[in-house]
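Before I ask anything, here is the structure I am working with.
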Amino acid sequence: MPHPVDVVLTFDVDAESLWDARDPDSLAKPIWRSQGRYGPRVGLPRILRLLAEHAIPASFFVPGVVIQRYPDEIGTVLEAGFAINHHSHTHTWAQNLSEQQERDEFGLALEVIERFTGRRPTGYRSPSAEFTPRTVALLVELGFEFSSNMFDDDSPYLLRDGDTSTDIVEIPFAWHMDDAPFFLYSNKLPGRSIAAPSAVLETWTLEFDQLSREPDRCLVVAMHPQVIGRPSRMWVLEQFVRHVLDSGTGSFTTLERVAAQARPTLLKEAGRA
Amino acid sequence: MPHPVDVVLTFDVDAESLWDARDPDSLAKPIWRSQGRYGPRVGLPRILRLLAEHAIPASFFVPGVVIQRYPDEIGTVLEAGFAINHHSHTHTWAQNLSEQQERDEFGLALEVIERFTGRRPTGYRSPSAEFTPRTVALLVELGFEFSSNMFDDDSPYLLRDGDTSTDIVEIPFAWHMDDAPFFLYSNKLPGRSIAAPSAVLETWTLEFDQLSREPDRCLVVAMHPQVIGRPSRMWVLEQFVRHVLDSGTGSFTTLERVAAQARPTLLKEAGRA
Amino acid sequence: MPHPVDVVLTFDVDAESLWDARDPDSLAKPIWRSQGRYGPRVGLPRILRLLAEHAIPASFFVPGVVIQRYPDEIGTVLEAGFAINHHSHTHTWAQNLSEQQERDEFGLALEVIERFTGRRPTGYRSPSAEFTPRTVALLVELGFEFSSNMFDDDSPYLLRDGDTSTDIVEIPFAWHMDDAPFFLYSNKLPGRSIAAPSAVLETWTLEFDQLSREPDRCLVVAMHPQVIGRPSRMWVLEQFVRHVLDSGTGSFTTLERVAAQARPTLLKEAGRA
Amino acid sequence: MPHPVDVVLTFDVDAESLWDARDPDSLAKPIWRSQGRYGPRVGLPRILRLLAEHAIPASFFVPGVVIQRYPDEIGTVLEAGFAINHHSHTHTWAQNLSEQQERDEFGLALEVIERFTGRRPTGYRSPSAEFTPRTVALLVELGFEFSSNMFDDDSPYLLRDGDTSTDIVEIPFAWHMDDAPFFLYSNKLPGRSIAAPSAVLETWTLEFDQLSREPDRCLVVAMHPQVIGRPSRMWVLEQFVRHVLDSGTGSFTTLERVAAQARPTLLKEAGRA
C-alpha cells in the first residue's frame, strides 16, 4: 500500500558562476564560461514552461551575481510565482572561504535577493555541497528557516550544529537525485562521463517508487538549468514529472512548504514546542 | 545442470568513518560527513527489513568507532540475530598505518565489539581493500577464523602469508560484486560516476547464473548501508535476492558458516588435518 | 506540431594532432600517435560513403598539419564537394599559446588551407574547445564569417567579444552532441570510460526530437573520424541519420548555410542592417 | 552482402604483473596483487573450456615472470594447442624503460618462453600499449613476424619504423575491443568505472556486424583472463562467440595465421616480394 511522497523539484540557477568557482582563470576562458550562460538563457525558459504545463511548483536557488547579470531571466522565475532562495553570492566553494568572506557571501546575496524580490530568502543551499564549521551558526544568526544540503535522510529533520539541533528544517537530498553527476561534462573537468538519459530516468523513478513504500518521505531532486535544461535531459525531467503525477502517490511541493509542515512536529519531538 | 551456490550478502556499516578515512579534514566538513550517517540511520533499517522479509542471513562488518557512535542502530543488527565482524577501529586505510597503529586498530575494535556483543569477532575485512605486509600474521596471532578480502578466487581457500598457508579461511570477493564502484559518489571524490541500478542488477545476476554452472562456488556481495540502502539501490538488492531464491540453486548463508564448512576439507587438502 | 530543425554533422579531422596536443612527448610514442591515424585512413572513407549514400552535406574542420600529412585523404573531402574550415594549424590547446603563437596558428593554417583548396576558410572551430581573450578579435580581423565553438544556445547568434557582438555568426554545440566524451579512450588519458553505442544514439535522437518541438533551432553534432569512424560507432551515426531523415522535420545542412541564412536576421535584430 | 571477417580472440595472461607494473610498492600490497592471481588460476580454465567447447583457436601473450610463477597454469595453454607469444618479461611500461632494460625485457622473456614451450615466439604485444622509439628496430632485430599493438586500422599491414615499413605484419586492435577499459577496476586506480556486461556485448557485436560489411577486415579482441574470466564477463565472451559463429560470416583464427596469410600480399604491395 503506497504512501504519499512529497516531491520537490529544485533548480540551482548558477549560470557562469558554476564555472568561475571551479577555475580561478575562468574570466580568460570565454568558451568555458559560455557553458553557464545556457542555463538562464535557454534551459530556464524550458523548465518554466514544463512547470506551467503541469501546474506544479518548484524551488529555486540563485547566486547574487547571477541575479545581477541576468535580471530579466531571473525575473521570469518571480513572474511564474516561485520564490528565490539563497545559494551564496558568487558560488565560491566553502573550503576557499575565510570567515569574513563567508559572512560576505551571505550578506551580499541577502541584499541582492531582498532588493530584487522584495522578500528575504528563507532557505539556503551551499554552492559546493559543503559547509564550513561556521555555516550553521551563520544560518541561525541570519534567521534562515530551512536548508537543503545534507545527505543523511529521506525525511526532513532539524539541522544540527555539531550535536545540537537548531530550529532550521533540513530537507536532505542525494547525489543520484542531482543532474550534475550524470551530465555535467567538460574536457577540462577531469574524470567525468555522460550518462544516457534513460539511465537517469530509471534512477529517479525507482527512487520515487521505492520511497513511496515508506511513510513521511520527501524526495528532493537537485537540478541546474544549464544541465537538465538541455533538450535530451528535459525529456528525463518531463518523464519523471509524468511518472510522479501518474503514480497517484506523489505530489509536487516546495521546500518552504515541506519545512513549514514539518517544523511543528520536529520541534515538538525535540521538546521545544 | 546447475550447481548449488553459496551466496553471502555482506554489509560494511562504515557510517562517517568511510569519509573520515578519505579526507584528513573531514571533521571540518559536515556535509561530506553526513553522507555516512545515512547508513546506520536510514539504510540499515531497510536492509534488516528486507533480510527479515525473506528470512535470509547476512554478515556484517562494523568499525569500532561506528559501534561507539551508533549503539542503538548497530544494536538492531544484533537483535536481528546477526554477528558483527571486525572492520578495523577507525576505517583508516592500511597504507597510512604504522605497525603500532595497525595493532591498535585491531585491539581497540576487538575490545569494543567484544564488550558490545559479548562475542569475540571471528572474521575480518580490511576497510581499504588492502593489507599491510604484517596483517596476515596479526590475524593469525589474534585468532581470526576467516577473512573476506582477496580478489583471487570464487571459492574459499586457506589464506596465505606470502607463500605459507594459514588456518584462516579466505572467502574472496570482487569489485563488480561491491556496490561502491557503481554508486559511491561525491563532487569531492575525483573521477567517479553513478551507474544505472539495472546495470548493477544485470552484473550481479549474471555473475550468479554463471557461477552456478560450476561446483563448489561461493558468491560474496559486498555492500554498504549508506550506498545500497538508498531507495533505488534497495531495488537492486531486492531483485537480486528474489533472483537467487527463484533460481532454486542459490542459498543465502554467512561467512562464518562458509568458513566452518570449508575448513576441514581445506585443512585436509593442505595435509594439516 | 514539430518544427523544422537544421542538423549539421561536423567532423574534426585531427589525426595525430589530437594526441600530439595532449602530450608533449607524443613523438616518442608511436602507439599513442597511431590512434589518430585511424581517422583520415579508415574512419574518413566510411563517413564520406555514408554521406554519399544519403546524399547529405556536412562541415569539416582540418588542422593545417593534417592537410600537409594526409593530402590524399583530405583531398577526398574536397572531391566529395565539402568545404574545409579552420581548426588551427597544430591543434595546440588555447591555454598553451602566446599571442604570437595564436596568430601563427591562424596564419599558417589559413595559408595551407587556401593553397590546398583554393578557397579561404570562412569558419573556425577551436581545437581545445577554448578561446584566449584575443581569439574573437583575431577572428574578426581575419574576416571569419562563422564560428562553432560556444555552449550557450541551440540557435545561431552573433558571436560576442566580451559584451560587444560581432558580425560573425556563432553556431553553438554541446558536449553530449560530441563523440569524444562518450568514446575517446586511452589507458594514458586518466579518468575516461567508453559508452555503449546505444546510449549515445539515445542521447542524440532524444536531443533532436526535443529540439523539433521549438522553432528556429539548429543541432550541431561534433565528431572525429578517428572516434565516430570506428565500425560500432558508424552504426550510431547511421542510425541517427536515418532517424533525422525519417522524422520529416529535420534536414541536414552545413554551418556555412546556417550562418548565411541567419546573418541578415541577426544583424537586423542587432540594429546593424 | 556480408564479407568474411577474421576474428582473433587474444588473451594477455598478466597475473600479478599487471598490478606490479602500475605500483612500485605492489609487493607490499597482498590484496592489490591478489587481483592478478585470479587470471591464471580461475579465469584461464574457463576460457580454455569455452574455446574447447566451440573448438575455436585463440592467441595468447604471457610475460616471462608469469610463466615462471604459474608453469602449471600456463602449461594448460600449451596442452590445449595454443602458441604463447611475447608480452615482455615483467610487464613494465615502456616509458619506464632504459634502452638496456627494454633489451633485457625482450631477451629474458624470449629465453623463458623458448625454454618453456620449445618454440621461439613470433609475435609481440606491448604490456603498456606503447613502444619506445627503439621498439620496432628491436622487433626486427629479434626476428619477430607479427605485432598486435597499433590502433590505426581494421586490417593487417606492414609495421612501420617511423616512415619505413618493415617485414613484420601489424594486426591492430582498438580500446573498445579490449576488456580492461570497461571492467578493470580498483579503488586505488583513480577514475575508473565498471560497465554493464550487455554494454560491452553490444559494442563487440556491433563492431563485428559493421566490419562484415567491408572486405578484408580482421577483428582483434584483446582480453585478460583476470578481467574477462570473471563469471559475468564470460557471459559476454560466450555470447560474442555464438554471435560470430551464428553470423555465417566470421571465423575465428590466430594472429599467426592472419600474419602468414597477409604477408605475401603486403610484401608484394610494398614492392618487396
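Going in written order, the chains are labelled A, B, C and D, and every chain counts its residues from 1.
As a working rule, a residue touches a chain if its C-beta (ideal position, glycine included) is under 8 Å from a C-beta of that chain, and two chains touch if they have at least 3 such contacts.
These figures come from a predicted structure and were not determined experimentally.
Chemist: Quick one: which of B-C, A-D or C-D reuses the B-D interface, over half of the residue-numbered contact pairs in common?
Modeler: Over half of the B-D contact pairs recur in C-D.
Chemist: Measuring between Cα centroids, what's the chain most distant from subunit A?
Modeler: Result for the farthest chain: D.
Chemist: Through what angle, between 0 and 180°, must subunit C be rotated so its C-alpha atoms fit those of subunit D, rounded to a multiple of 5?
Modeler: The superposition gives an angle of 90 degrees.
Chemist: Same or different interface residues for subunit A and subunit C, judged by whether over half of the residue numbers are used by both?
Modeler: Copies use mostly different positions to touch.
Chemist: Higher C-beta contact count, A-D or A-B?
Modeler: Of A-D and A-B, more C-beta pairs in contact link A-B.
Chemist: Measure off the straight-line distance from the CA centroid of subunit A to the CA centroid of subunit B, and report it in whole Å.
Modeler: Each chain's C-alpha centroid was found; their separation is 34 Å.
Chemist: Suppose each chain is reduced to the average of its Cα coordinates; what separation in Å results between subunit A and subunit D?
Modeler: 48
Chemist: Counting only residues that touch at least 2 other chains, which ones in subunit A make the list?
Modeler: As it turns out, subunit A has residues touching two or more other chains at 190-193, 195-196, 198-199.
Chemist: Could you pull out which subunit B residues touch subunit A in their complex?
Modeler: Its residues touching subunit A are 28-32, 34-38, 41-42, 183, 185-188, 190-199, 230-232, 234-235.
Chemist: State the interface residues of subunit A toward subunit D in the complex, per the touch definition above.
Modeler: 190-191, 193
Chemist: Any idea which subunit D residues touch subunit C in the complex?
Modeler: 95, 126, 128-133, 135-136, 149-154, 172, 174-176, 180-182, 190-193, 195-196, 198-199, 202-204, 206-211
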